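Consider the two complexes below, in which chain A is the common component and chain B and chain C are the respective partners.
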Partner chain A sequence: MAEQPARKRKKNYARLVVESLAAPGLVIILLLTWQIAVPLVGLSDFILPTPWQIIRRIGVDYRLLLSNMMVTLFELVGGFLIAAVTGVVTALFIFYSRVFERAIYPLLVALQTVPKVALAPLLVLYLGYGYAPKLFLAFLLAYFPIVIASVVGLQSLDKGMVNLVRSMGANEWQTFFKIRLPAALPNVFGGFKVGISTSVIGAVIGEYIAADRGLGYLQLQANSHFDTTLSFAAIVAIAAVGIMMFALLETVERRAVFQREAAK
Partner chain B sequence: MLGFRVRTGWAALAGVCVAATACIGAAAAQDQVNVRFSWKMKGEYAPYFTALDKGYFQKENLQVRLGEGAGAQAALGALIQGQEDIVVLPGIFALSAIQKGLPVKLVALYHPKTPVTLITFPDKPARTPKDLEGMTVAHSVGETGTSYLDAFLKLNGVDPSKVKRTMMAATARVPAFMQRQVDVVSVYQTNDLPIMLEKEKTPFVVMDMVKFGLSVPGMALVTSDQHLAKKPDVLMRFTRAVAEAIKDAQKDVQGATVATRKNWTSPPSETAVFQQIKATVEAIPVPEGQQIGWIDAKVISDALNLLHSVGEIETPKPIETFFTNALLTK
Partner chain C sequence: MTSAAPHTMAGVNVTIKNVTKVYEMRDGNDLAALDPIELTIKPGEFVAVVGPSGCGKSTLLSLIAGLMPVSSGRILIDGEEVKRPHPKVGVVFQTDLLLYWRTVFDNILLPIEIKGWDRAKYRPRVEELLEQVGLKGFGQKFPSELSGGMRQRTAICRALVQEPGLLLMDEPFGALDALTREQMISDLQTMWRSVGNTVLFITHSIEEAVFLADRVIVMSPRPGRIDLDRTIEIERPRSWKSRSEPKFIGYMTEIREIFETRGVLTKE
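After this line comes the complex of A and B, so read on.
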């Protein structure tokens, strides 16, 4: 009988280890398959370089990748921050004004359905070749998910809770800051997490169209030189930027959401 | 003693201020010229970087900013909006835009014939236009080599209906060709061809479209009618500097290669850039008694007829609408 809890603990531990190793394990298996398959099939590095060639290239050109990464980071963070502020403000207006909601929703949906790649050349025409079109594209791609998620968060609060605090004499400001906002935060951050990922896409699309620096530009240059290895290295760097920003946001979310929960 | 030190210190400070003012003054006396390329960096733009590197712009008292582009349309848009003074783009595109009413003009034409080629694999070669019958060509919108393929084929007595075309994104053409999804792809001697020949061990069969009669105006300088009216002298000095740089590059391709790679974020190999520049400068004619870049009215007229024949434009406007040689002095 005393052995059973020990066996159960061993089983749980083994399961935990397997679960935590599942994702990195799968990645390693895929990379190994890729590494072995490419020379076996006889593909040139112009068509598909091996993971080892890409990793080596990252090592050789890390300064180039890093300097261009800083440019892309600036664009995506700038665009995201603008989208975060304007997105949440728009959501508040939508929540508190039915007229505004009815007016803005069709425009938002229409804007969302327009392929941003189609807009990009026009943005260059109107905003020039500097940071503006990239910031605007990053903002454009992040804005919609932030608005929608924030609206859903604000609307998801149990009406009974609102009635309760009002019955205790709370005014609208108090209701908003003490009840609505904390309740909406998880959704808002959900929107932020989607937004930060899409703002990476926006910044890179902008660089494809008009840039002389940035990871998107670097990838375009690499493609024009048929340097597929560098192109992949740039893609890895883009993905790394996205993952990094997502993780940062998760850290901020944990502090923001749990701090509020601890304060209750 | 202290008084002497203070006087010396003030004198030194005054000297620095005078020197700084002189430098600022010298810089302020230079005329700013904003140049936008229609596309990303390539060896074809070597003359401009040679002019920058060897001081030809400085000699003409010009402060020149060279910027990479995002397509000819965006470049012309920036020109019209006054963000740029001069745009470097394919002449054929500019002619089409002028016909559609854009208030710009060609002011220099360095490639009266775009050095474009069609390449095929050696096991399925196309050495002459006739060999293209039955083959599939990769085509993308706005791409010079294949946009005028029908005219090129008719010129060489080949039935265009016997040559298939597959439409795809510009960046997908070469990969599709390498994957044998198409038989033929057009590439530029001044851009992708040298890189491909260096990277791939395959000895591609190269058909020079110019040798078979395709005459499409290539690298040209375009400016707006407004700039022409406001600062002709500045633009004249710019074209003069570029002409000198071209002569320099024609004599010293290696020097031009170094100057170009210096200004390139992630350049291809020195060999590839050398070949790009060599092809670029070899395709620039040196007209007798005229400045390099001189525009021959017949070249423009033939190009307009080509555009008309493929249905891109209606009856061409008067020829003087399209270009001027006023900025090119011997």
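After this line comes the complex of A and C, so read on.
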């Protein structure tokens, strides 16, 4: 009888190890397959470099990658922060003003369907070659998901909750800070997480169109010199930026937002 | 309000004079939810309102709570007309409405925060309430860690922490299972006897109303009107044995018959 739970715990522990190793394990298997398959098929590194070649290249050119990464990072974080502030403020206006909602919300949803990447060449025309068009594209791609998620979050509060705090004598201000904002935060952060990923796309697309620095620019340069390994290294750097930002947001979220599931 | 003897919340009196409520419907028509209601509740009295769904009993509660305006007539609490939520009123709703991101303790302190009172002063009061409802040691738990009955107990503590002269309860046990409900009813009686404030208790259970109340008000289907105002003369504390007393059965039958003549219940 006493052995039963112990064995069960051991089994659970084993399962936990397998579960936590599943994702990195799969990545390693895929990378190994790639590493082995490339010479077997006889592809030259100008068509497809091996993972090991890419890693070595990152080691060699890390200064180049890092300095361009900083440029892209600045563009996407700047664009995202502008989108976060204006997006939440827009959501508040939509939520609290019926006229504003009627006027703006359909327009926002309609604009959402416009492929914003197609605006990139025009932005260069209007905003020049500097940081402005990249910041704007990063902002534009992050803005919509943040607005829509925040509106949904603000609307998520139970009407009964509002009556509850009103019965205690709460004013609009207290209602907002005591219940509406905390109830909206999980959605708002959901919007932020989508927004940070899309602002990476915005910044890189901006660099593709016209730039003299940044990871998108670096990748284009590498391509035009048939330096496929460097192009891949730039892709790895772009992905790393996105993952870093996402992880940073999750850390902030864990501190700021009480998850419904956390206590269960 | 933080007296040495926090148990004695002086009950308020409630006067409802010719109160009606008409809802404006979307199609432009008016819907009368309440016919003129006349009702006086004495300080410290436990009044239960029983009626079928949609009879306007919850509307009546919302009006007294100051959550919406009356269409005509006046509601007075201790002689003061209700125009907005009255500070001496605590409300318990059908669902617990606990904030899931706050602990039990912080949920109970919510009204204190909103009124801008000193939280620290009320901490002993919260401990005391938790002990009274059998939740001692649960202060630091989150609502998701509690059962339905414990959550509703927490909601009751939250309504009582501000020591309300009038406690409004809108079908507070409606969402609980039968056994938990039984226990809650008996605990509520014990608590009210120690507190002594005025209670208006809305329910659709005849038995719950007769068991708990000094007076049972029976309301007709919409537009709500008072069909019966019966004083329940059964000794307190009432126990499950009281339910088999001839008097208890007599009150139940009387109310049932009213529902039958109104077509709310069918005759057997």
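Keep this in mind: the second predicted complex is superposed on the first by the 257 of 264 C-alpha atoms of A that agree within 3 Å, B and C clash if a C-alpha of one lies under 4 Å from a C-alpha of the other, contacts with A are read in each partner's own complex, and residues count from 1 in each chain.
By definition in this document, a contact is a pair of C-beta atoms (placed from the backbone, for glycine too) under 8 Å apart; a residue touches a chain by one contact, two chains touch by 3 or more.
For clarity, every value in this text was computed on a predicted model and none was experimentally measured.
Asks: Should A:I47 be classified as contacting the first partner (chain B), the second (chain C), both, or neither?
Replies: first
Asks: Looking at the overlay, what does A:I179 touch: chain B (first), chain C (second), both, or neither?
Replies: The answer is second: A:I179 touches chain C but not chain B.
Asks: Who does A:Q221 touch here: chain B (first), chain C (second), both, or neither?
Replies: In the superposed model, A:Q221 contacts chain B only, not chain C.
Asks: Looking at the overlay, does A:M161 come into contact with chain B only (first), chain C only (second), both, or neither?
Replies: In the superposed model, A:M161 contacts chain C only, not chain B.
Asks: A:A210 in the overlay: touching chain B, chain C, both, or neither? Say first, second, both or neither.
Replies: first
Asks: According to the stated criteria, A:A170 is in contact with first (chain B), second (chain C), both, or neither; which is it?
Replies: second
Asks: Under the stated touch criterion, name the partner, chain B or chain C, that contacts more residues in chain A.
Replies: Touching more of chain A: B.
Asks: Taking the two structures together, which residues of chain A meet both chain B and chain C?
Replies: Of chain A, no residue contacts chain B in one complex and chain C in the other.
Asks: Touching chain B in the complex: which residues of chain A?
Replies: 44, 46-47, 64, 68, 121, 124-125, 128-129, 209-213, 217-218, 220-227, 230
Asks: Quick check: in the complex, which residue numbers of chain C touch chain A?
Replies: Per the stated touch rule, the residues are 62, 65-67, 84-85, 87, 89-91, 93, 95, 97, 99-101, 110-111, 113-115, 142-145, 162.
Asks: Name, in rising order, each residue of chain B that touches chain A in their complex.
Replies: Residue positions touching the partner: 36, 40-42, 67-71, 73-74, 77-78, 81, 83, 171, 174-175, 178-179, 191-192, 195-196, 199-200, 265-266, 268, 272.
Asks: Over in the complex, which chain A residues touch chain C? Could you list them?
Replies: 158, 160-161, 163-170, 174, 178-179, 182, 257-258, 260, 263-264
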